[in-house]
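Going by the order they are written in, the chains are A, B, C and D; count residues from 1 in each one.
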């Protein structure tokens, strides 16, 4: 198990879906960051279940407590611990899946790897773990504020419905105005209708979250292995249900010629800038001062309200039946998670860059 | 700078394109691995420049020496160091680019981050660094042999020419039979012709490398942050020119419904298997025993034989002119690099998995 | 800040003396360890304040909760989180020291390093943090049980009163029979009387804790930098108030000649053993199967009930007056802390050693 | 194996005593450090064998090459690799010890751990590995220069002959004036005579190296686990033959009372200082601006020119006979090694401290 992410602004998450609680330790947040608990709470609201008709109807209050690392409203440089108690851990009946492997879930692989697993609600493999990431990401965002760095994600695809516009053509302040978190209001309506239909079919569908980080200074990234985009990719691929990551021109860019793809340099006032930004703000693994942008693919949620073929721990054929309340499409609630992980990476690399020169 | 990759089978690479030498330290290779120098040499041959008309015509012999960690043909558990001296470091004239920032290269970002850079051939940011990775990856492959794990990559797209077939429909033994390393002989011819044309245009183009790992036992992966695919993504995105990574159903899979996408479990003899493999052999971040497969997007090579707008260190407008011998398309030579990084990740996680249970 | 210890059996502690709570995350405990909460509780009782007349009279109940990582009494391979809420954080008056630097405490250095500090009870620098280590160490001991490894520490010196006997001449089962935790009952009485006298003088004194690990298999240790004794030394020197560490023949051994000091090998049944054990069970940084033993020096507690010269944050001369309830000598309560850190190191290295051979 | 030391100024050493070569990669040296090769060479001269009649008469030239990371005389922020080829690896006859375990050497433990070992000259466990550390330490010293930090070690005990004076009473510029590296000229003579006598007895003896770091700014140290002295202790205990470490008042200090031991604060000009320095310049694990000082115990060298009882790989009784040229006492040559490891720790923590505050 490897539950720590980050080299100097490092988080360690813990907790199972239906255990007593979960949370995160942030070790390496510098002293002096204003810790605005209301902001953390508002970020967690964006992720929590039960927000709208297109998310799961489960209720989780996600009340958190900061146990350490903050004194008189500011970080002290010591570990910040944030704990979320699972108030609602009533002993639901899990006997119907306790010894079955749900298809495309982590049941079989955890069982094989550890010989034991907490089967309640997916245990450690549940996306509930991301609540801790969002809390930590909110702290990272509070630190990034001091540097003028902002991170904004949005839904750019839900199933086959795809936002073709480039982020620079969008008004990202509209993202939070609709329940699917797509900044194009018209397309948002279509996505909502589509997801709702999927939900009624007792099925699920995938989607794509796009993310833009602005105000990132040049110099962030630690080649050759911790190129900035490699760390961002690692962060995104560590989120439940993610199947792909691309930045800048991404997979589409492979068809371009170098002469179109290269970003010409020019001087704008004091800044060295590029005329295009196929590089996605990262060159040689290091930020160049332009906007960083990337896309993250999420698979359809594995829990469906249908019967599925499977086997149990004894290796016998069985059927897994859908039960409970689940998301028909994960991307609306994934938006704050993608932002959180992006903010954590940028906070880490902002600090690391202080070590580059004598 | 972060030049170490891997947690227990860890490599550290060093060296610049035109310095005295480069190489790699492998720390954590278990004792008892047969170190077949001929195999390492043959892997390095696959990467080296000057192989064919569609790669750079530069000559680099890549003769290596193992300085430590091997005794009587076997690894001893101590660090294996492999050094490649740059025999041909004749003082070429770099004055035409010494103070200019080549578009979409790492010149500007390194200069900004470190205040100083070795401008000869790109210095540390040169893809020459991957020679060290291929050497280390060959050692990882030698270890994987003992576990029956194989790793095979191939070119699945060059510019717009795309291999639509699934890897399971291909005969991967054909990959090395043509200079573009595409296992579909007909398409290979088209790719070669296309790349050659691009080369004549003094331009470059991108491509995609696909990779399959077979024989991987269930249990590899260290959630929540070091999910197996997150480590693979990190590894791939750390390779020069990579812009995207997807595994299993990837970006395409987002359009699928959960009911199609889920991989039903069944029993085949003693093994628990899945009827489909949209999961790409990884569930919950842990291998499930099916084939692991993924795709890696490479951008068009930044060095083109054309004049480009840029600025110099003083911030003045300037023109960068193409010179020298470079690859029109990087993917044929990227195949062994992708395999090497994949093998390194698998070796690392095979060892880590020994720690899962009491 | 660096609040993580261990490479694969890794702990991260958090929490301040007078904040809302403190605790520890254990990441890397293998699945299948029986987690006996009563045992953890009994270990914490050995450390807690208010045990006897020669320890501080402060009351701290140290009630802990395991929030995650354990299912049906066994570790699951996911992070084990243990939280201790500070029930008694009544707003004591700290105004008398809030801006003063207590001599030989961490007040000045934390203030300088972070620009801010939680001055209540020493904040993060308080020895209260070791409660979390003892909890984690108890889990490590539970794992070590399965391997037949035991760890026993005892007080071998309190101020000038020194136990001259070698550990092999002592009956270590007597250690817990007296309040100073010295296995020599007569000397224990002397130590107790001495410490009580020091306490009445409103002063403090230092001491030495010795520790023996038995049943450690050969092969533990990761040279060249993570020699077993280097990790043990690091662990011990990370405990509050520790000033020195020696193992085997230690500082005394420097006067010996090689011909006396060398431990001759012989065969005893199936085992290769040494006739003497000046090596302290460790050769070349790796355990050799003999008992591991070492000694840890603790300075006199810095908090004394006397007036002391100092300066305040403004740099003005001031006087710090002793107040509150503190230990006259730290070693009796340090015994379980030394054991805990030793157990954590051994658990880590037992796992790491699984990676040595193919 | 764990061959990397340091968190951000990190070194990885490699190489065996009688392999093709050894060396070190420094990853994390900031850009802009002037790399004075003559200084590195002079440091290596201080460690190399054959310096005087009281060191081994073996000849090793220790000619090194810097392969990367330096451009136009300065570090570039990329990995600095230093390689020392073993020019004199003539195939000596090792058959007399190839399958025998030399007492108090690492032969048995390496054999047990790895199942294989390079028995030539101790292989990886040879103190020859420290040549790489001295080279890296020289680079760390060059960086420390810019911060006004100096590190000076000296021999304070050889066998029973002990320098009782405190470092502040000594003229440390005299250290290098005699072959035993003791700054007290009279005592140096006695030590030399004593060691020479031991040598004639075909025996060996231990000793103590003391070390002082001056000019260290306040704020260095990363509690709770990477307290500055814990990292120094780890560093020292990772050196071959070290059996103990103490700093400040050390083991002697345990007998003191808190009222004597505490270091009162006062103001001297702009600086906050302490009237005494029992803390050894470190409080709460963080430097306070006073001199840092510590002592390191070295055991008698295990190789003696006498017959010793042992067993071989087959578990049969055997006799190991002394042969070859070895040091009668390791401390004179250990002085630059202690300094190197101290400099590496300080360089690492100077950089880490840049991360403490917003």
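One rule holds for everything that comes next: contacts are C-beta pairs under 8 Å (C-beta built on N, C-alpha and C of every residue); 3 or more make two chains touch, one makes a residue touch a chain.
Every value quoted in this text rests on a predicted model; they were computed, and no experiment measured them.
Visitor: Could you tell me which chain lies farthest from chain D when each chain's centre is the average position of its Cα atoms?
Guide: A
Visitor: Suppose each chain is reduced to the average of its Cα coordinates; what separation in Å results between chain A and chain C?
Guide: 39
Visitor: Roughly how far is chain A from chain B, centre to centre by C-alpha average, rounded to an integer in Å?
Guide: One centre to the other, that is 26 Å.
Visitor: Where the centres are mean C-alpha positions, what is the separation of chain A from chain D, in Å?
Guide: Computed value for the inter-centroid distance: 46 Å.
Visitor: Quick one: which residues in chain D touch 2 or more of the other chains?
Guide: 1-4, 13, 28, 31-32, 77, 113-115, 124, 356-357, in rising order.
Visitor: By the document's touch definition, which label belongs to this structure's chain graph: line, ring, star, complete, or other?
Guide: Drawn as a graph, the chains make a fully connected set, so complete.
Visitor: In the complex formed with chain B, which residues of chain A make contact?
Guide: Residues of chain A touching chain B: 1-5, 7, 13, 101, 103-110, 112-115, 124-125, 129, 157, 159-160, 198, 201, 203-208, 218-219, 221-227, 229-231, 233-234, 237-238, 243-251, 253-259, 261-267, 272, 274-275, 278-280, 283-288, 297-304, 306, 308-311, 315-317, 352-353, 356-357.
Visitor: Quick one: in the complex, what on chain A touches chain D?
Guide: Residues of chain A touching chain D: 8, 28, 30-33, 75, 77, 143, 146, 351, 354-358.
Visitor: Considering the complex alone, what residue numbers of chain A touch chain C?
Guide: For chain A paired with chain C, touching residues are 1-4, 10, 12-16, 19-23, 25, 27-28, 31-32, 65-69, 71-72, 74, 76-81, 83, 85, 113-118, 123-124.
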